[in-house]
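Each of the next two complexes has chain A plus one other chain: chain B in the first, chain C in the second.
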Partner chain A sequence: MENLLLIFEAPALGVQLVVEGILLGAIFALAAYGMALVWGVMNIINIVQGEWVILGGFVALGVSQAGAPELLGIPAAAVVLFAIGWLCYRLVIFRIVDRDLFTSILATFGLSILLQQLMNELFGSDVRTLDPGLGTWFMMGGMVSISQVKVLGFVLAGVIAVALTLFMRNSRMGQAIRATAQDARAARILGIDTDRVYAFTYGLNAAICGAAGALVVMAFTIHPYQGLIYTVRSFTIVVVAGLGNLPGVIASAFGLGVAEQFAGFTLGAEYQNAFVFLLLVAILISRNMLLQRQRKYLK
Partner chain B sequence: MKSIKNLGLCLTSAAALGMAASAASAAEFDGTITLGAAVSLTGKYSTNGGHTKNGYDLAVERVNSMGGVEVGDKTYRIEVKYYDDESTPARGAQLAERLIKQDGVKYVLGPYSSGMTKAMAPVTEKYEVPMVEANGASRSLFTQGYEYLFAVLSTSEQYLASAVDLRAELAEKEGEKPSDMTVGGAFENDPFSQDIRAGVLADAEGYGMEMVIDDKLPPEINDMSSTLIKAKAKNPDLFVVSGHSKGAALAIRQMADMQVNVPMLAMTHCDAAQIIQKFGSDAEYTLCASQWAPSLSYSDDYLGKASEFAADFEAEYDYAPPYQAAESAAAVLVYVDAFERAGSLEPKAVRDALAETDLMTFYGPVRFDETGKNVAKPMVLYQVQDGEYVVVAPTKWAAADVRYPIPPWSERK
Partner chain C sequence: MSEATQTTGAAVKTRKSMGYLAILIVSVIAPLLFPAYQTQMAFLWIMVVLALTWDILGGQMGYNSFGNILFFGVGMYVTAVLQVGLFTDVTAYNAAKGGEVLDPTLGEYLLGLGVGLGIAAIAATACAAVFGFGMLGLRGHYFAIGTLGLGIAAGEIAAGWDYIGAGSGMVPPRFPGETGAREEFFYYLSFALAIVTFFALKRIYAGRFGLAINAIRDDEDKAEAMGIHTTRYKAVGWCIAAFFLGIAGGIVGNIVGFIAPRDVAFAGVTYGVWMVLMAILGGKGTLWGPVIGAAVFHITQELFWTYLLGWQRVALGLLIVVIVVFFPQGILGFLREKFPERFGYKVQPKEAGGSADPAEGGAR
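On to the complex of A and B.
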């Protein structure tokens, strides 16, 4: 309670919390786009999502260790992860596309364990971070600080959202993806190579996650077992937003980020996650009640 | 049937190998003492599990090359039988059982981390097999009445208590009252860090300091900005962070990013997180709790001075030994000392000898109280000064004065 009063006494703190929340939310949004896409198009709940994020971080680390500028790590991670995602589809994911949801959860869960151990073997279990050499902006007399790399994440989240929307609407592949999402069988009859569409979708998901991971390693820290955070956040965001609802994903990601910050500040960091999940349950219950009311009305 | 045949073949060849090995060593030694250890070679503790194993290996190798262990009128070489506990406590307990029941191990070296030690201790206790451990610092390990568990390291509630003492000392030096100081803390929500919190709380209370921030960080932490915003708002005179390597790395990273100014910052796991190598000047002024430092003046017959151990370790493994490796090596020395004093290889006799240990090692003095924890060795506090760890507390061993207060970020670099 005392902390809550503090926000009213010093509004700059509230501003800082909102800013941090939105910037954090932007990175969650990046991780969640792909999950919404894969869930919507392939009907797969991709538990390995967080591992793609972390792997992207390691790629960015590798790029900077090779002497390239740090920021080049973001596109590099996206490209490498696209290839890995594609490969992963060809090896594993294609077998589970038509199966029930439970099979896909199990398979991707297995993949996530495998990847965690592989990353641990390859890169070690140390906590890693990368300084992109960007600074921090200050506002309101130094009370509010904005890390520039997080702003970059925010901008990237916006750019990718717009690009993704345009791509889905206008390009042949985007149209094929939408058609496949609507009815895979009909799409096949109409001559769409759905296998290719799936592989592309999965690769695209991994690529966006990879870019997110490059940002994570620059703004926060990564280690091989940290993927679950991003999987769980993406899942929460997609559940709240609904499938195939890109603006919804962004809105709920920002909401999640801000809610986390305020919960952490007022209730203490230990309740940060608990609060977010309570919020999720509350949203699901209230939505269910709303739907029930609509159903009654239809009768 | 085929698999049974294969198993038979495996067993025969393993037995043959074993015989060959013991035949080779019989030339110099009268026998072999096997210590059993389950350490984390994979999974989330694999880095520190590796440090643990390297520490054990270096000490074992040294003891063997210096003539082995004399028990009564016989000399033995020692060897360690390792298993990988995969960083999962349940697996650790299984492996302890396997070491004792299947492999016939009579003495156990501890795993890495309090959680793993907690899982294995009931097993070694059940079979009355001594366990000397070097990496389980949790207070709760020593409140269970275990009789076969001995720990060479300082327990966790002492980790950052010295930082509170230092804060009080500095306040008095400046003519302020220690009771006017405020303390902010962020502790991971796991048994180890919560013990550290208990120690800090007890010490702060002793001085009458107020805890203005007391956050429990979630174990799967990826962002601690809400806690740091609190630190900005409340300006504690001492800010302490304990969240293993990731907590340390994240705190330094985000404090620099958000330019959080505190006059004094203390944390655990600095060297495991390699804050100097990774964060450079951002890590300056940070106080780090450590079990051990290579610059301390302790020494023993096997591994020499603390600094010699550090040099030998680096020559062998190509990295400077973190304290996890040093304390692990010390655990082996404690066993060697106990074997020699017991004059017998009977686990009960060895256990009694362990209980009466009063040994000086390169890692520090070792003397166990009735609960099995080492009460002879104090914790040290480093400060990062010009890219080096320098011991600043306790003042008795301090190599330099603490740099205080930390200048604001706007004046740094």
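On to the complex of A and C.
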């Protein structure tokens, strides 16, 4: 708690936390956008989300270990994860698309447990990071330090978001995805192969998460059992922003990033994860209570 | 005619009580026959309790909770803290990280355990009551994910809280008495808990409360329109689950002998998922389903898990996907579809055959 006073005494610390939070939030926004995509189009809450992020990080690590330049890891992670996501759809997800949400939650939770230990066995249980060899900027007389790789992550997240928006708006597949999200049956009648759309959407989600994961491994660290917190962050962001609301997703992702930084600083880093999970619970309960006054509930 | 049904009713009743008696005798003798497996058998009863209590909300009320592990962990920590706290200073005990060993006499131990389990049950129930009114307003997947968050948050907080040993966990006091007595004692304790839970739930489901929570499962808005205080029923249902889970947690903490915050107490990916899986495997929404599911799952696990060292969670994940995707009705649900007469459902030949003469159906 004494750290709380420190923020007021040294405003530069506050600036540091806000900057870090926003840079962090940009990466969360990517994963959250993917979750909103799958949720909106396929009506599946994808608990594996976090594992795709971590897997993307491991792919980027593998690419750099093979001798390729570190930044090549981002497109490589996206491509590999797209393939894995497509495969995952063809093996499991297509069976649960039309089932109730509980089935999809539990099935994807099962996949998440499976992938966690699979990654642990394949890649080892160490905390890993990838250093692309970029420096750090200092501002405000050295009080605020910004590592360039985080800024790069922020910029690339922005680029990916713009590319996704253009893709969803202009391409044939993007239009098909939006049509399927609005009414899958009508889309089928109009000749859209919804099964293919679902497979593509799921692959696209995994690819977005993979790219996010490649950014995570460069800017922060990854660990095989760390996936669930990215899922919960994505879910929290989507619950706050709503489905199909990209500006909302970005704004609430920044908000979550900043809130997390402040919580981690004031409460201590060991409670940062607990804060994220409790924030989810608090947001769900408070939103629902507001709705209950009108005799409605979160749907 | 009525006489005949009465005699068959009496026959069924005798058969049922014979069945219960057989299970009782086998369970009482089992630890004497296989003394090496007492701990595993004690866990079988704990699993039965976990599956049964999950099914109160998940099966009977239609609220799929992933956070029931919260009450399990709360019970475990409260029991251990009281067992230690009655005799020594908890902070110093945990700061020693197992360096200070508590060796109570049998009387002290039983007192500590009794008080611990009692307060654990109350604390877990209180937790359910506090969170119940907020959480149970959520429906469907929001409830599922909200409870998942709650369970993990509890583990994270426990892992950061120095009073209860933080990340390095806590050791309950040593059991007094000769080797082997501890396993036997906890076997019978778990067995008693499972029996009490089973009959309490049987009683509850048979009455008004059971009907009310089934109505909530079928259509909550209509149930509320019929005058059922749904929020109250939901919270009480969760409290009942928490009561038994709290005791189960306290017992497990003592059986395992070491309480780690994320891997034993608030173990979302082991006990937390197992309870869901066992209830679904056996057939959710039935009384016997969770019991059967727990038995099948636990025995399979004990037989095969040791060969899967390092791949257990891969197997668990695979099992979840397979059961949820291909076998969601569970063992009892499957049997009910196959042999409906056995479950007291009368099947009209017309419906079953599908092509029977309609005139014949009218005549009947």
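Throughout what follows, the second predicted complex is superposed on the first by the 261 of 299 C-alpha atoms of A that agree within 3 Å, B and C clash if a C-alpha of one lies under 4 Å from a C-alpha of the other, contacts with A are read in each partner's own complex, and residues count from 1 in each chain.
As a working rule, a contact is a pair of C-beta atoms (placed from the backbone, for glycine too) under 8 Å apart; a residue touches a chain by one contact, two chains touch by 3 or more.
From a predicted model like this one, the values you see are computed outputs, not experimental measurements.
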{"item": "First (chain B), second (chain C), both or neither touched by A:E270", "value": "both"}
{"item": "Partner chain in contact with A:A163 - chain B first, chain C second, else both or neither", "value": "neither"}
{"item": "Contacts of A:L6 with chain B and chain C, given as first, second, both or neither", "value": "first"}
{"item": "Touched partner set for A:A186, first chain B, second chain C, both or neither", "value": "neither"}
{"item": "Which superposed partner A:A83 touches (first chain B, second chain C, both, neither)", "value": "neither"}
{"item": "Which superposed partner A:Q292 touches (first chain B, second chain C, both, neither)", "value": "second"}
{"item": "Contacts of A:L111 with chain B and chain C, given as first, second, both or neither", "value": "second"}
{"item": "Touching partner for A:A66 - first (chain B), second (chain C), both, neither", "value": "neither"}
{"item": "Contacts of A:E20 with chain B and chain C, given as first, second, both or neither", "value": "first"}
{"item": "Where chain A meets both chain C and chain B, residue numbers", "value": "117, 121, 228, 268, 270, 273"}
{"item": "Contact footprint of chain A on chain C as seen in their complex", "value": "64, 66, 134-135, 137-142, 144-146, 148-150, 152-153, 156-157, 159-160, 166-167, 269, 273, 276, 280, 310-314, 316-321, 324-325, 328"}
{"item": "Complex interface listing, chain A residues touching chain B", "value": "3, 6, 10, 13, 16-17, 20, 24, 117, 120-121, 124-129, 131, 136, 138, 142-143, 145, 147, 216, 219-221, 223-226, 228-229, 260-265, 268-270, 272-273"}
{"item": "Chain C-touching residues of chain A, taken from the complex the two chains share", "value": "45, 92, 95-96, 99, 101-103, 105-107, 109-118, 121, 228, 232, 235, 239, 268, 270-271, 273-274, 277-278, 280-281, 284-285, 288-289, 292, 297-299"}
{"item": "Touching residues (chain side chain B, partner chain A) in the complex", "value": "42-47, 186, 189, 214-218, 220-227, 229-230, 232-234, 245-246, 248-250, 253-254, 257-259, 273-274, 278-279, 410"}
